[in-house]
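Next come two complexes built around chain A: one with chain B, the other with chain C.
What follows is the complex of A and B.
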């Protein structure tokens, strides 16, 4: 009998001095002073993903500047959504590493689900999923990416480790919005 | 020909009223900003950031938005009451400040004239504040009734029920303060708490903290703030009594709500935390700064509570009001009386 009663008195005292209330308040005060997890994107900070990130496709060249793509069409065969179109052609001027190069290599980004099967299928490591992730635009012009665009090196080089927050600048122009990251000024993520 | 000193006194009064009203009109701008920042930081976000440096211009953007919004009066609404309600809510919030002492006397430099830092020293100031701030409920009821909307009506009814339940407890705590300070005038109440920290009504043990808890809970309920914001319970009532309001009329309700928040903070400071009295002897800090500092701490506290506690259920609200606060305040009243014999 006494044990139960003592417990009740204990509970009552807890209620009278607002224990739960103070506990909750101290937790939120801790959150209040700990600083934000939100990045100041796009004005000041930008998240640079890890190497494993699967973003916009990129077509690579070898060290001599020749295209690695041999237009074998394995990527378009492996693609579960059939978003890659490859049309091969013959070219012996040294544009590619073999005589067979891509006349057209285009990817429909609206259909692409960024699964990475194309990079697995590629025998020459020509197509990779890079780390550019700002793919939105105000019309449908950017949905279809052609070979010429994809051959341009991406903003984050393959060798960069990633997984950091980089300082960035936000550039708004009639050509579009761009968030330019400065990879030399990086810091750890806040979470 | 009237006496020159009378004209000067009148002019001073008008200037004081003008200054106080202007400050009160402008006050919601920083308060909305601070509230958003506190909300953001407690939820580990940034809060307003992009409008101006650190989002400082956000309140002005909000203001422009509210001014440009269409002013909708529902077709089947009671037009007269619908338009009257925001004013009914807003006016008492301003009028309350006639009785609130912000400081004692202050000598204007260079012309050597003493001015009092309050508009009127009423001998029943505490009753005046309670009565006038209670009038603000009419705005809520009229708004809820006249919009011809179920949600608004339920919100208005809830707020009136809440007001009646908690006004009693708040009045009891006011009686407690009157017992402790032996005066109904707010000025005298503050003066009786002079000296150091231990003279404050809050530290009149053991009854001071209990009176303060009753006052705090009761006023939180009266100004319809979380955790007692049932009149504007988003989950069940849309937006409560101001569901049908938009644009500037809605802004008036918000203004009234923020001023009520400031009023409660000011009243807590005046009644329990010694008004402009310093907690201990610190040279070179003017009393008005102590007053403002305490009020700002209280405003922060109310925002802090808002983003910590969930909303109470309606029956819990009534239980707290009638079954806990009122009996506790009755017992406390007897103890205080015995201690003051």
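What follows is the complex of A and C.
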């Protein structure tokens, strides 16, 4: 019986000194002293995803600037939604690493589910899912990405580690809205 | 018979059967690279190694025949590891550039490694490379030797089947490279059979290079639209453009082989010159119009012409279209004037049908080649029907038989012949008469009652031989072979139609041999895909469908043109036939057509004839329709639609029906399947023809589908084969060469001239004479020469051929720059020309 009594005394003391109340309040007060967790996107900050992120496709070049893509069409064969179209052609002027290059390489982003099978299938690591994720637009014209567009290096280089928040500027021009991140000014994620 | 055990299963096979064939028959799979049923075994790839009990080493099953009592194992761990090791060695130096290779996705090496191979290689050394870059071997072949597996199939198919012998092997061991002599540019038949047999991406099509992946292609089974051999092939398209034609192992009578026309000549389908909308002539120029308007104009003018109307349909249309065409004329327009050839007289056609026994049903070329003596006459088989030439070469090499070739021009097949006879041009009849006379000399009693024997009975052998231009000994030798033991096969070509005076000679020889109790198989050798079908569908002024007699005999092409120039014929309906380019004497045709009140031309292209038309209707090519084609043997084969006709063009069957429907709404049947049903009902020959075929790769090469042969008609009594004679211009010193014509190896009619690849193989006209004549004239191969006839002269490149008979100049009918029909003048016979240095 004595044990039960002691427990009751313990509970009683807890109630008298408002332990639960202090516990709760400390979390609330903690938020007061910690900085804001809201990302000031798009005009001040932008989230730079990790390397493993799968965003917009990018077509890579080798160190000599030659296209890595040999238009083998394995990406389009591997694609579960059949959103990639590749038409090869012959070009031995040194445009690509082989004399077989892509005449057409396009991806329909509306159908793409960013599964990354295309990069797995690629024998030359030409196609990678990059870290551009701002794909929304006000008409459907931007949903079809062509080779020329994808060959332009993306704003986040593949070597960049990612998983940080970068300082950004928001630019609204007639060409569209752009959020430009400054990769030299980064900070750890606030959460 | 030998009884052997394969994997414990007891099978009994013929003596001398290869272990490989026995195992495959028993249902066991053995992988191979170098084995092919038609080719000589070499046992070079070592993929087919099997274990035989009592023998220490594994044996190659593709060259080892079975022995009675053998016990063979094909799936033991030793065999499996041997296969994997073989593949590992092949991959040691294989380029492994599959992502770039055109064969990637349908490569036998890929499949084999996937199935049997080691999935890891142990060879870390740098790979041996023959060359850094692919090299172009011919206008249609590109080569990458780094991928070679040394199976030698290309070399063997080139020598044994095609007979070109331009490929060989350089080097030894794994440095052995199958290529042309010192990798020089190939001057061969350009048929690409080396590409088709190559199991890897070593030989590749140049026009197909880097266009697509095999899994993107959508294909349909079809039949080659050029000559009448009737080769089965598959045409494949991507995004509405046909980019490849291929033949499949063991499918159709051609198996994997095709000629340059078939394999590379399909691209006229994609031509930007295709007609896409109807054109109607207004104030002297052809202007685009709607179908309703064009059909309205046709109806008004056909009604105005009444019965004075004629029709010429191309022998490349399907049987259904041709049947409906003759039905349109005979039952709807009430006119008997229809023809399917702009080149040949109707009487010659009737005589030829009778002489070759086409009305007695189809005959298989394989059966013909089973004969003990085969005579090839009236055709330049190697150029006109290359795949028939391959069949003859392959079979004649494999068995003991006599092969006699009689032709004025030397040909590739001569090397397979046991006797070659060079006779004068247009003298096939004299040659055959001389042979028959020689046969008659020894068998007077048996041959006394043969119809027509009286014509030659009293002739002198020397006269006939002299007219034929060959020695009496040659003729006796042929006669001896034909009358020897066994059966006789004859290949009779289009020269008989070109020079109709030869037809009675052919008929007489056939009858004489039959009277001697011999089995005679005749294969007519024709040069248009559905020429035989056109005749059997009754597109001929002298007989109806199935060679049935007609009530009223109509006019053939030449008579129609004659009637047109005299104003008697008012309207002409021409379907896909270019009569201006094909009928002898172009000026006469142009004059006649301008005398017409109304000319309708239905064609894929703006042909010379279409330019003169009042209404031009856009028609479709073979890739755009369903139907059946009947080849020269009488084999009915299906073609399937791959693409829709371009823009507003329509299928020919729909156009012909639409023209009929302007007169009677019920004209039909309404679709090709129903037309075929009607053909089966109306034309007894086609009643039970089987259209089924095996389109699976078939390693046994069972090619001869006899159920597809048409049945005997038994109606040919009404054929009018009278008045057959060959007219030649008299020989003068001014014009020493007799002008021969036909098709070039790379072309067939004018249709193939719309194919960019085939034009790339042969752009400008050539004239061919024998090397002896050329050296007598001081001319060299490749010289630019002037060809002068009495009415026309032209310039062309000289091609000399050694071994041809002198006094013959050959210009193919295909060239638009030297239209050979301009040398002809109506009523004056086969022209003679002179050749001088330009």
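Here is the rule we go by: the second predicted complex is superposed on the first by the 165 of 191 C-alpha atoms of A that agree within 3 Å, B and C clash if a C-alpha of one lies under 4 Å from a C-alpha of the other, contacts with A are read in each partner's own complex, and residues count from 1 in each chain.
The criterion applied here is as follows: contacts are C-beta pairs under 8 Å (C-beta built on N, C-alpha and C of every residue); 3 or more make two chains touch, one makes a residue touch a chain.
Everything quoted here is computed from the prediction, not taken from an experiment.
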Which of chain B and chain C A:43 touches, first, second, both or neither: first
Which of chain B and chain C A:141 touches, first, second, both or neither: neither
Which of chain B and chain C A:24 touches, first, second, both or neither: first
Touched partner set for A:70, first chain B, second chain C, both or neither: second
Partner chain in contact with A:87 - chain B first, chain C second, else both or neither: second
Partner chain in contact with A:32 - chain B first, chain C second, else both or neither: first
First (chain B), second (chain C), both or neither touched by A:173: neither
Set of chain A residues, in rising order, touched by both chain B and chain C: none
Contact set on chain B toward chain A in their complex: 38, 40-46, 49-50, 213, 304-305, 307-309
Residues of chain A defined as touching chain C within the complex: 70-74, 77, 87-90, 92, 98-100, 123-124
Chain A contact footprint on chain C (complex, rising order): 97-100, 104, 133-134, 209-213, 215-216
Residues of chain A touching chain B in the complex: 18, 21, 24-25, 27-29, 31-38, 40, 43
